[in-house]
Each structure stands twice: as structure tokens, then as C-alpha cells.
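Each of the next two complexes has subunit A plus one more chain, namely subunit B in the first and subunit C in the second.
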Partner chain A sequence: MSITPEKLRYLNSHEWAYVADDSSGIATIGISAFAVEELTDLVFMALPKVGQTLKAGSEFGEVESVKAVSPMYSPVSGTVVEIHSALVDKLESLSVDPYSEGWIIKVKMSDPSELAGLLDWEAYKKQCSH
Partner chain B sequence: MQASVPGLVILDPPESGEINMAVDEALLKNATSDGPVVMRIYQWDQPTLSLGHFQRLEDRDSDALLAKLPWVRRKTGGGAIVHDLELTYSIVIPNRIDQPTKGHSESLYRSIHLSLVENLRSLGWDAKLSESCTCQTSASRESEPFLCFLRRSPVDILVNGDKIVGSAQRRSETGLLQHGSFLLRRSQSTPELCGLLDATAGFISIDQENLRKKNKFDASSTVDGWIDFLRQALQAGLGKNLKVDWRNGTLGDLCSVDVGWTGSHAKQR
Partner chain C sequence: MSSQLAATPLHAWHQAHGARMAEFANYEMPIQYSGIVAEHLATRNAIGVFDISHMGRLRFDGPRADQLLDHLLTRRVVDMQTGQVRYSLVCNEEGGILDDVLVSCLESPSGKNYFLLVVNASNRAKIVQWLKPHLADFPDVEFHDVTDATAMIAVQGPKAIEACKPLLPASALTLGYYRAKVTEQMSKPCIVSRTGYTGEDGLELIMKAEDAPRVWENIMMAGREMGVRAVGLGARDTLRLEAGMPLYGHELDESIDPYQAGLGFACNLKDRIFVGKESLEQKSKDQTLPKRVGLVLEGRRAARQGANVLDADSRIVGQVTSGSFSPTLDKPIAMAYLAPEAAVLGMALDIDIRGTKVSASVVPLPFYKKSSQS
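Up next, the complex of A and B:
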């Protein structure tokens, strides 16, 4: 799976969602390169359980950097169908590739129309430049 | 010119770990964008171990002195702290539109810690920022010291090589919480850690008598004096980031704060 930032939709809190061109209705979710840079040295990540239901904008996990704990928010509503558990032991890889290799969870969307309310790449870039 | 924001200083009496952490959690949860910046300085009613948000409770068991202490979990990250002969502070800054939502605020750490360093140096202590790091990656975090005061991050405050002040933060959708601990004296539960007033070798020798005459704070100062010292330094440090119109108050001034203390939630992960 190759995910590039231009293809993604974003929350202003720096989470991204990727939906493949298929009928699965599954969104892959992660955090942006900008967020990884803000977080600096990552030491721990707490992930949800498979089967957990999420609401768009609600917290789905937490990430600890050396000096702060920060929440991660879900861009879409739905049910967690997969978590990237191997990522927890190699968080430094997020600095290399926060998109394809750095995905965090996959969610079966309950309301795909929510994607339209997210920022596109251009709008997200503009927000980060402020 | 930057408009000032309201600020509330709360000097609380010693309380249990559960109550202290529940209050800070409630202050963060109830922060609103038009609400005050809250600075709270407090102590604990008995020596208590606070764990960083993601630390494992069983990791304290290898130290018999720590294992017998009551414990509580902080919302902030970092290492464990024994709250005994120390002062704790919390600062809650409500989210403003232009604030980031991920990671720590380096500027807040630095400005507050630099202010403390300046004020300690003005009293004669050879205080400085650590500017070194024991930071570990996720793969090697097991080797990170359990206790916060045995860890080093660049903005920690050292006196004579001993870490005297450490801080950690938490972000939420409502704001930023910064916790800090100011070690005054060595605790019997952590004999390996030195407090500021134990670090006499860290006292700068030059002009010591003049400093003592000029300032009311020295090793014989009362806890109330050090609380006032901490308050002044925190306010000066925050003032470099944010123009705050401070007033003194109590939790009762924040009518909307619902601590919702159940007596156990602060121990859950």
C-alpha cells in the first residue's frame, strides 16, 4: 500500500484518512509528517482495540513524546477493524514514513460522507504554514 | 500589542494524590478558550508516588522504598516522582485557535525553567538547564530510568549536577497541562536524589553574604517562602510567552469545574 500525502484528507489536529478506490468503505488513519515533527521523540503509543467504535473527532489513542502526552483523533466514524500493533515497537519509523509504513488504524466507516468535511492536502498545507 | 488574558493563581493546601490529580485533570477538562490560565501550586498530604501516564505500576516493585508508597497516575507523561519534600505546580493554558494540537510546547518549558534558573541564580544557586538528554526511542525505552529525577531532558533544571526541577505536559482538545516538581529536600523514599536545599555545594560562593542580605530566601527559608518564590518565577516565565492578568483565587472561583472525583479514576490507565 503506497500512500502519499496528496491523496489524503485531514483533521486540523493533524490526523489523516485514506480511502482506497474500492467498495470496502475502510479508512486507513494515521498522523501527518507535520505532527510527527511537532511531537519530536516518540516513546509510546496507546491504540484502541479491534471492534471499538469511534465517532468522528473523538479520541482513538494517545501518543507520548519525551515531554508530552497528546491525543489522536479519528477523522471518521466507524468500527476499528485493524490496528498497526507492530508500529508501537518502532515509533521512530514514523519519522521516516508517516504515511504508507506509519498507518495506525483501519476503520470501517459508518458514514463515508464525513470525508467531505475534512481538509484536502492544499487546505491542510495552508493550515500548517500559519 | 498582545491582549492580556485572565489568569488565576491557586495556592492549595496539601491533599491526597487522588484529589491533587483529579483537580488538575478537571482544570484541563473544563478549560475553555475564553477561560483563565490557571496556575496551581500545592503539596501532598503524605509521601506519594506519581507515575507518568504510560508507566507500568509493577516497575516500582524493584525498589522496596517506592513499593510501599501510596501511588497515583498523572495525566502528563515522563517518569515517576516521589512527592514528599517538594512543591508541585500545574499550569493549564486553554487552547487558542493558533495553538498546535500535538507535541510539547518547548517555548513554555524553556521560558518557565529559564525564569526559575534566573531566580535561583539571583539567590546564589548555581542553577542551569541540563541541555542533555537520556531520551529513549520506543524500542529501548525499557532502559530509561524509572524516576523522573534520574532522567535528563534538555530543559531540566540542574544544581550542582542534581536535577532539581522537572516538568511534563499533556495536550487535550481543551488545552495544555504542564506539571512540574521542585525538589526542596531529599526524601527518605529516594535517598539517591538531592533536593535544592541539600545541594549546598551548588551554592555560588561569590558575594554570598550580600545575596543572603538582599534576598529573604536561603536554606532556612520556610516552605511558604519557597511557594512564593515558585509563584513569582512561574508568573515571570509565563509572562514571556503570554501576557497574563493574574489574580489570586481558589478552585471555588472556577464555578464550572466539576472535579468528579471517584477516589479511583486517577489510578486507571
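Up next, the complex of A and C:
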């Protein structure tokens, strides 16, 4: 699976969602390169459990750098179907590729129409430049 | 808001070199340049250069300056020799800590002794205000807040002295630990002291504000081949935490006394009278108060200021005052104030990190000591 930032939808708080062009209704969720760059020196990530239900905008985990702890928010509502548990032990890979390799959770969406309310790449980029 | 923030004489350099700037004690200060871990490790392994111009610099002139300061500081001042530096506390009448300071006894180029007090940026206004009535009692002492007219640069790390060679006379490079002198850098006046806030060897330099950019550039240039890095306040905090050094607003405040903080060495109670002495005599015998300890945590997650520390029965026995992931030890560390029964080396405890219990144990401070070879 190759995910590039142009194909993604974003929250203001720097989480991205990717939905494959199929009928699975599964969103892959991660954090943007901009967020990884801002956080720097990641040391810890807390992930939800498979089966946990999430609401769009609710906290699904946290990422911690040497300096601070930041919550991660879900761009969509649904149920966690998979977590990238191997990522926790190689957080440095987020600095290399926060998209394909750096996915964090997969969520079976309960309301795919929420995707329309997220930022597209252009709008997100613009927000980051402020 | 940002227009009201003060800028140090090195502000333009920080901005030009990609620093992330943030407010600290009403200054816009560099928090990090390349990243906290890289800057931290550069200081441990080579050289870190810090703009600490925000620290308050207060000068006291006159033959009775030593007596005034002896009356205000917990540490004896009247017996200080020219060139000595001492760590001291400033306490209120109740024995609560108003600030922690470095006091230096210096000799001006004209041959007169004077004292320099370096205070925390966040406490400068409070201390200056608090000094006023005491200054009135010593009308022959001349007091100047020279913070704005000067800048302060710390050069820290095993290669710090070497990096300063092109700038400073040999006599400044051979100063003993906690020694200082008024000297010159490239024929401009400069105070050099063998002190720091990182747990490494190094120097702290005070110069005229307008000379600071050139001094900074010269150090960066001299240290280039040795792995020098500019270091922001982020790594300054992780370095001092590893070195077990308290930070005002975290480990120290007016509700804490020096003995709880493990800083009894900075209080000379014998044969002198100073502000807070009577209270401190009582407090020096009080074994019931929470004590400052070091904690090492399991896992990767750091405890931050305010996290509760719990005993085996899940009772709250204290709070974390500073915590971070330690880049040198590669694990999370913290300082905390714990009830005496829990403040015991080796004690196994839990820390409540946002609802999750993380195991921790009490360890000796400092967490990090530089090797004697370096």
C-alpha cells in the first residue's frame, strides 16, 4: 500500500485519513509529516485496542516526544479493526515515512460521509504554512 | 502579546538559524534548533552553546556589599575570596525559597571588589523588588540591574574549554570549578566563570550586549570541527534534569524550604544572621516534610509536572515536579517531592500518568554524572 500525502484527508490537528478506492469502508489513520517534524524526538505512542469505538474528533491515542505529550484525534467515527503495534517500537520510522510505513490504526467507518468534512491536501498545506 | 516580549542580543541569530522560539519569563527564547535530543547529546559528547541572556544579572558595589548579601543569602558571603562563586538560596522570613542564585565575588579592572548575583529570569522582577527595603538599610551599597546591558552565554560540554581557546586568555581557561574572573575576550571586557547548569564542564560568559553576537559566532566557529551545536531551552531542561539540578517553579518555590529540596549545603546557619534564618533553624530539624527525590520509570512514557506518585496501596505519597525522557539514559526520569516514608532509595512506587499506573523507583540524584576523564 503506497499512501502519498496528496491522496489524504486531514484534521486541523494533523491526523490524516486514507480510504482505499474499494468498498471496505476502512479508513487508515496516521499523523502528518508536519506533525512529526513539529513534535521531534518521539519516544512513546499509546494506541487504542482493536474493537474500540471512536467518534470523529475524539482522542484515540497519544504520542509523546521528549518535550511533551500530544493527543491524537480520530478523523472519522467507527470501530478500530487493526492497530500498527510494531510502530510503537520504531517511532523513528515516522520521520522517514509517516504515511505508508507510519500508519497508526485502521477504522471501519460508521459514517463515511464524515470524510467530506475533512481538509484536503491543499487546504491542509495552507493551514500548516500559517 | 509577542510585541511585548523582550529579546536577547542574540535573538536575530536564533531566528536566522531556524530556532523554534517561545515565550519564557517574558523573553522570546529559542526552545530548540535541530531537536532536543541532538542538542542534548552534543552537550554531553562535545559542546553546547546556550543563550542564557534572560537570566537576571544584578551587581552590587561598595565596601559593604558583602554584608548586604550576607544578610540576604542563605550562604555565607562575607568570607568569599575574590574569584569565588557560590550557589545560594534567597529565602523569605518563613524560610520559603524566593530564588536560587549564583553569587560571585569579582575584581573590576580598576582593582575594586564587587559582587554579581545571577538570578532566575522568572524571579528577577520579584527579587529586585524584594531587595529595595534591604538596599535602603545599606545606603552605601550601589545596586545595578545590568541584565539588559549585558548578555550571557554558556559553553558546556567535554570540549567546551577547548572551543573557547581562541577567544579567551589562558588564565580564564584554567579557572577552577566555581571560580570566576573579570577578563577580556578578544580585547573586550568579559566575565568568565567555570559554572553551568548541565552537569558538564564548561564556562558561562557575561559580556556587553553589543559584543554578544560576535562572541557567539566565534565560539560556533571555533567549535565547528568539534561538534558544537546551539542548544535551546528544551535541552537545557533535560540536561539539568539528568544532572539532578532543581529548577525554580518546578522543584523550588516559596512553599518549599531548602532542606526539603536537599539544598541544606547552601544554608550556613552558624554564627550569622540573615533573612529567614530563624525559620530555617526550625526547618533544618523537621523530618516530617516531603523530600525531593529522583525517580526512574519503567517503559518509555515520561511523567510530567503534577503527576501523582502512589505507594503500593495506591495512596498518593507525592507529586512529580519535573519529568522527561532522558536522552543519555534512554529511559524516563523524574524529580518528585515524596512523603518521608516513601522518599527512600530503592522504594518501588507507581506514577499516575493520565490515568495509567507506571512503575517507578527512587534512585539517587544526580541521574547522570560526567566521567572523570572528560
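What we mean here is this: the second predicted complex is superposed on the first by the 130 of 130 C-alpha atoms of A that agree within 3 Å, B and C clash if a C-alpha of one lies under 4 Å from a C-alpha of the other, contacts with A are read in each partner's own complex, and residues count from 1 in each chain.
In the analysis below, a residue touches a chain if its C-beta (ideal position, glycine included) is under 8 Å from a C-beta of that chain, and two chains touch if they have at least 3 such contacts.
Given the structure is predicted, the values throughout are model-derived calculations rather than measurements.
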First, second, both or neither for A:50, with subunit B first and subunit C second: neither
Which of subunit B and subunit C A:13 touches, first, second, both or neither: first
Larger contact residue set on subunit A - subunit B or subunit C: B
Contacts of A:96 with subunit B and subunit C, given as first, second, both or neither: neither
First (subunit B), second (subunit C), both or neither touched by A:130: first
First, second, both or neither for A:70, with subunit B first and subunit C second: first
Footprint overlap on subunit A, comparing subunit B with subunit C: 40-41, 43-44, 46, 62, 64-67, 69
Subunit A residues touching subunit C - in the complex, by the definition given at the top: 40-41, 43-44, 46, 62, 64-67, 69
Partner subunit A, residues of subunit C touching it in the complex: 31-32, 35-37, 40, 234, 238, 299-302, 304, 324-325, 327, 332, 354, 356
Touching residues on subunit B, where the partner in the complex is subunit A: 53-54, 75-78, 98, 100-105, 109, 133, 135-139, 141, 144, 153, 155, 167-173, 269
Contacting residues of subunit A [partner subunit B, same complex]: 12-14, 31, 35, 38-46, 59, 62-71, 73, 88-92, 130
